[in-house]
């Protein structure tokens, strides 16, 4: 399977996530779109790890694709931490203004 | 002896310092005596030099004034016949006028009285510096010094703003001339690397025609300013705002003749440039005639005298212009006698009339102030060239010189001389003959002046009468003592041939007849009971001085003021400063706009971020294009 | 057109479709559910790529933990009765446009890397994805980050406490 | 060592002055300090201390190749002397005045003096830049705290303008530093920097703009009248007597030796600029109604002349500039003091509201008259010597330019005499109805200045001797190029 | 490594202090002491004395540059704690947590200053950011604080996504996460560099620019700085930002200088620089609130720090450190003074010089330093930045632009001086909080700034010895 397929797939997912962040006003959904972006990246990384695992040029060192997958693992870790904090913040916000529409976040401007 | 020479200018300066600094302490008498005393001493010193024949072609150097690798200007004096002559005039006439002033300025409060004498002393100091200086720079120092003194003295009664304007006008017009003078000095410095007369004149042959013409013309510009020639003469009549003795000393006897001194001094250069000589002669002649015509119909006694001074100066320049330097200088001397006399006489009259200067208000003063009358008469005769008076001799020599130079010049000069006689007799008649036209209290106020005033009058009258004999033509049994005296410095003007002797007789006869006719005419016209002084037609134009002042206002003063205003309010405020402030205002404006980008909307922020990522990519991949494009622009 | 290819295409289409659904659904709950679908699809991809460990973790951590957390929050603040603000359509439009631009750029780079297309990935093969291999690497080479991530969690924990605790 | 003292004395005394609460102590203290400084420099000029003391050198920033180097030339000595004299005069003239927050006022004044001393003495680029700014900052605080209602924005304009200029200079310095063979900031190694002509030209302009703003030269001058008008007169004295000289001085000490080729090739433009600002400012001064603005413009005019004379590159020109820096300093100080007296006593600077002071305040009138005569460069006042030399220098450079420039002596006569006439002559006006004469300290200060002016006008040799070596030094570089 | 371990340890200690220690005042002292130990530990590290000899090779590597910056960061944090301990005390019962989070941030910083692997970069950034999200929102009742926190979090998360994309692409291009590029297995080359790597680098740089609040990725900064509690702002705007810059610099230093000269990165950087300077300076002019003005000024200063990343030479390296310190000290001082004011607007400062001469004087020095007047540290900071660019040659235009903006910056810095000194007024200050200790600390900072301005070698000799 050509790697560019994966690149395109991942990029598309990523950009859908970006578009979601841009178009939606609900903080939670924006956050979910961010998660979508992260997953796109994960997919890409895994694909690359396989690719690099194959690619062994003459005289070169064996590239161990494992570290990409480890990286993915760490991304998940971080994502989890982020989610906990982020949701806490969103909830705090909701407690105070009873809305999580980001268009209401305009006390700070100019 | 050098110290003695140094004392001559320093004494008046000392007087200036003492009288000026202690003006609140000194009484009138005290300051009067001090001031006159210092001048008197330096007059005596001058006499000592004169009689001890302490002349030398080379200068007495005291110290280096300005020195650098290119030129060295030393502070040095030149004591020779020319400077001695002028020193005699300055200190002599100056002394008399000081004495005269002690009485004339009585009414002033003591500190102003003292201030007056301080200025007067300072003037004498500067004037002496001018004539003593051994190089053009020292001359320039004195030159500007006398200018500022005349400024101070014209504006002596500073409460009256008219006087202040007159003073300022005088100084500024002098300055215009000074520009020329300075340029000439720089030119000389660049050519010779020195401004010493000795160096300049001895090496003058090295100059190209262009250089010498340029230098002389510029020098002459300086002379024009100082000696009130066309076009810079209008300040002199206004300068009559000052006290009358000042007019006598500065604006008749000494300062205004500085120009003549300068040209006579640099005769070597001028002789090398015929062009300049012609210009000098023409301008002199024009001034002589113009001023004389104006003088014909002035009603202010001092104005008349002022214009006559201008025209007399014109005569002198004619003399210089035709190469008769000594004659010019000679006329300076005689003129200083009779013109000082005239002014002092006028001062005496004004004093008698209680400050009245309008001749239409005078008349028939002959009985009331006899001494003034007689002395004034002598002066009038002298200036109008009555035979064997000093004026006759000098003027006659000018005419001869003109005749020798060219016929038309001669006739025009003669015409000017005739006009001189006319307006002088007019004044004389209006003041002394006929009936009194003034008010009652003036009539009661009339009285002869105190001796302090009359004695100088008498002395000057004598000089005016007999002063000419030092230079009486041979045919009248005289001899050119004067020319011989000056010969070492200024080449004497030589009478040519026998034919001129005949001319002399014609002239003599002509003068006598002419004066007689003029006298009678004037007596018929002006020695009258009633005199309005109103004029119409051409006379009116003359009475308004050909509207020259108005002309200057229209073409110079007002445009200048408008330009200045334009620069101040438009170019400076709106233009340059406007740009500077505009930049600041633009920045603030853009600040107000740019901060709107910070909309507070997370969506917008992220959108802009994403867009700018894409933009960065585009820039990155196409930067070669962009750089090339930019290079094409810049 | 063997089976893996079909699965690949199926999973890809599923991922993209459900991703779009995530973005477009009005109701947050649906978005959450669709997002879970995306994750499953991606896990499928992992399996295809022989990253079994990641596939499992993805299901457990993401689809399991995180998404449930999301779901809870969404439920907790029942967002159905959100005050509706004016929906600015041009913003949506611009969002899609710029997202598309970014996509173009990413794709164009991969395209311009010409020899990229030659590189292929052999599916259903290789053992780097196996848990023991990863474990070896993780605890040797990547031990330091592994330790350090604990700090991350600590701070996250403290943060959750600080933020989440009700003010008395 | 003396060189260091000249900076340290005002610096330390200034710092001390900050902590003095009541005015009497502060002003005595600062007067004493200025006197001390004056004595130091006089001791140096009269060679009563060995010349080896004149310079000072110590390692400062080794890794930047910058040493804390102070060096003296004749010109430097003269300007340091000017600085010392002016401060003494200012403190003397304003002795009776009660300033708000005297401690801060005198402290800042002395710090400014230290800064300017440093500018004059520094022989190392970075040190020079340091002091250049350090002179500016106290000036900023002074002008915007003591002065008239618009002072804050006026001072701000002044500060930003000059700061921008000096930053450009900084760029030039860094660039130059990179080009020096030994990567140092020393003036000497700047002179040996190997620059291409285009580089030299570029750097020349970077430096010159900074200095032109400081002078100020024609297009960059608009900050000056505003600042002078708005700031307190006692500060204006220092600004216009000493600080504007920094620009000219910097051109003489830094630009001409370092960029001789560029200086020669650009001389024509700059001379024309100088003559423009000479005439332009004079013409504007004719129409000014505010005493301070009038003097400010006349000062601009004089500076323009000096700048033109510098670039004429002739012996008299240089000589004239150097002595004129001093003479203009003392004369303009005298003018400002009279303005100060008038403003404090009659509460107005409007020429139209003044008049007839000559009757009320004869002494003041006399003193101002002398200053005014100095301002129009009348012979036997010190200014004449400088202007004579400068004009003759310009004349040597080009007859036309010399002639055009000379017109300014007419203009200067016009506006100066206007001022004298309207302020002192004529009838008294309400403002001056019950005017009193100048007070004792101011009178004393003015008399000192007057004596200086007249003495140097009559016998300028001491000054000319003092600057002789600088003239030779500056010109030798240029002549080398011209050959 | 010491710094990392110690700060983590101290973070945990303080966590438990919240349970163990009852005295509210003591937390500040504990934290200060902790910072002191960390500082000592780090300095010891620079002399090669380490707590453990744990093999950190492929992930981190301790070089003088990083360690020196650690010291700077820790020292300025110490000063920050000294100056704003009272403020922190006011944040209520989360005081120990506050310190804990600050210590964790320090961990992140010490990772960022020595990372050798993009994974560590990623982790470091996250460890830096997540506590900050919380600190920003720590003033929970304040809506501005909440809003700032949420904004910061959303945009931060987004930028994390961007960053990961970049890293992934770089990996795809080079087949390694090592900071040092491996020339093997390069695919899709452009001038010998993989397309993917270039794309990834650009994206990664954008993410870093976001963290360093460099335009056009700066938008979060003004709002977050404005909304966050003042002490947090001063911590975020100074030390954290500087750390981000160090990380950015390390990245570019290795990657950009490695890439073939034909690949010209200067274009992107110069765009970023001009944009940052423009936005920061121009927008700061119009601000009415001092806090917001300082926020924009921090962006403007970031523009100057970008010069170091533009020129990437040794001068830049020293200069960046110097700039970090100079800028941090001055800004921390300003913020701490501001937190004593009741009114944060410029008018609120009117006449401060009369009421609180010490505060006014020290603040004046800080402002002068920020505007780069000689004899303050700020001058040499700017000097180094300009010098580094000039050394690259042929980019003088960029310097001139920067200088113009520096002149503009005078406007808003001196505006504050004007209102402190020249405007009449009676500012409302929280007098009971202006303790002698506070004043003295301010004076110490001011003296420090002037010393550094007179003798920069005090700092920079560390760099060489």
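Chains: A, B, C, D and E, in written order; residue numbering restarts at 1 for each.
Following the convention adopted for this analysis, contacts are C-beta pairs under 8 Å (C-beta built on N, C-alpha and C of every residue); 3 or more make two chains touch, one makes a residue touch a chain.
Just so we're clear, the structure is a prediction, and the values are computed from it rather than from any experiment.
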(request) Trace the shortest chain of touching neighbours from chain A to chain D and give its length in steps. (result) 2
(request) Indicate the lowest number of steps between chain B and chain C, counting one step per move to a touching chain. (result) 1
(request) Compare the CA centroid of chain B with every other chain's and tell me the farthest one. (result) C
(message) Among the chains here, which has the CA centroid at the largest distance from chain D's centroid?
(response) C
(message) Using CA atoms only, can you tell me which chain is the most central one in this structure?
(response) D
(request) Write down the pair of chains with the top C-beta contact pair count. (result) A-C
(request) Take the average of all CA coordinates in chain B, do the same for chain E, and state the distance between these two points in whole angstrom. (result) 77
(request) Using mean C-alpha positions as chain centres, tell me how far chain A is from chain B in Å, no decimals. (result) 97
(request) Would you kindly tell me how far, in whole Å, the mean C-alpha position of chain D lies from that of chain C? (result) 72
(message) I'd like the Å distance between the centres of chain B and chain D, where a centre is the mean of that chain's Cα atoms.
(response) 36
(request) Scan chain E for residues touching two or more other chains and write them down. (result) 119, 123, 126, 130, 133-134, 137, 140-141, 151, 154, 158, 169, 187, 198-199, 222-223, 411
(message) Can you pull out the residues of chain D that are in contact with at least two other chains?
(response) none
(message) Can you list every residue of chain B that touches 2 or more other chains, as numbers and ranges?
(response) 595, 598, 600, 602-604, 606-607, 610, 613, 617
(request) Chain pairs that touch, all of them, please. (result) A-B, A-C, A-E, B-C, B-D, B-E, C-E, D-E
(message) Going by the contact rule set out above, which residues of chain A touch chain B in the complex?
(response) 18, 21-22, 25, 30, 102-103, 105-110
(request) Over in the complex, which chain E residues touch chain C? Could you list them? (result) 4, 8, 11-12, 15, 54, 56, 58-60, 94, 97, 100-101, 104, 107, 111, 119-120, 123, 126-127, 130-131, 133-134, 137-138, 140-141, 169, 187-190, 194-196, 198-199
(message) Touching residues of chain A toward chain C in the complex: what are they?
(response) 1-9, 11-26, 28-29, 31-33, 35-36, 39, 42-43, 46-47, 49-51, 53-55, 64-67, 69-70, 72-74, 76-85, 87-92, 94, 99-101, 103-104
(request) Write out the stretch or stretches of chain E touching chain D in their complex. (result) 368, 373-375, 379, 383, 386-387, 390-391, 396, 399-400, 403-404, 406-407, 410-411, 414, 418, 421-422, 456-457, 460, 464
(message) Help me check something: in the complex, which residues belonging to chain D touch chain E?
(response) 61-63, 129-130, 133-134, 137, 140-141, 144-145, 151-152, 156, 159-160, 163-164, 167-168, 170-171, 174-175, 177-178, 202
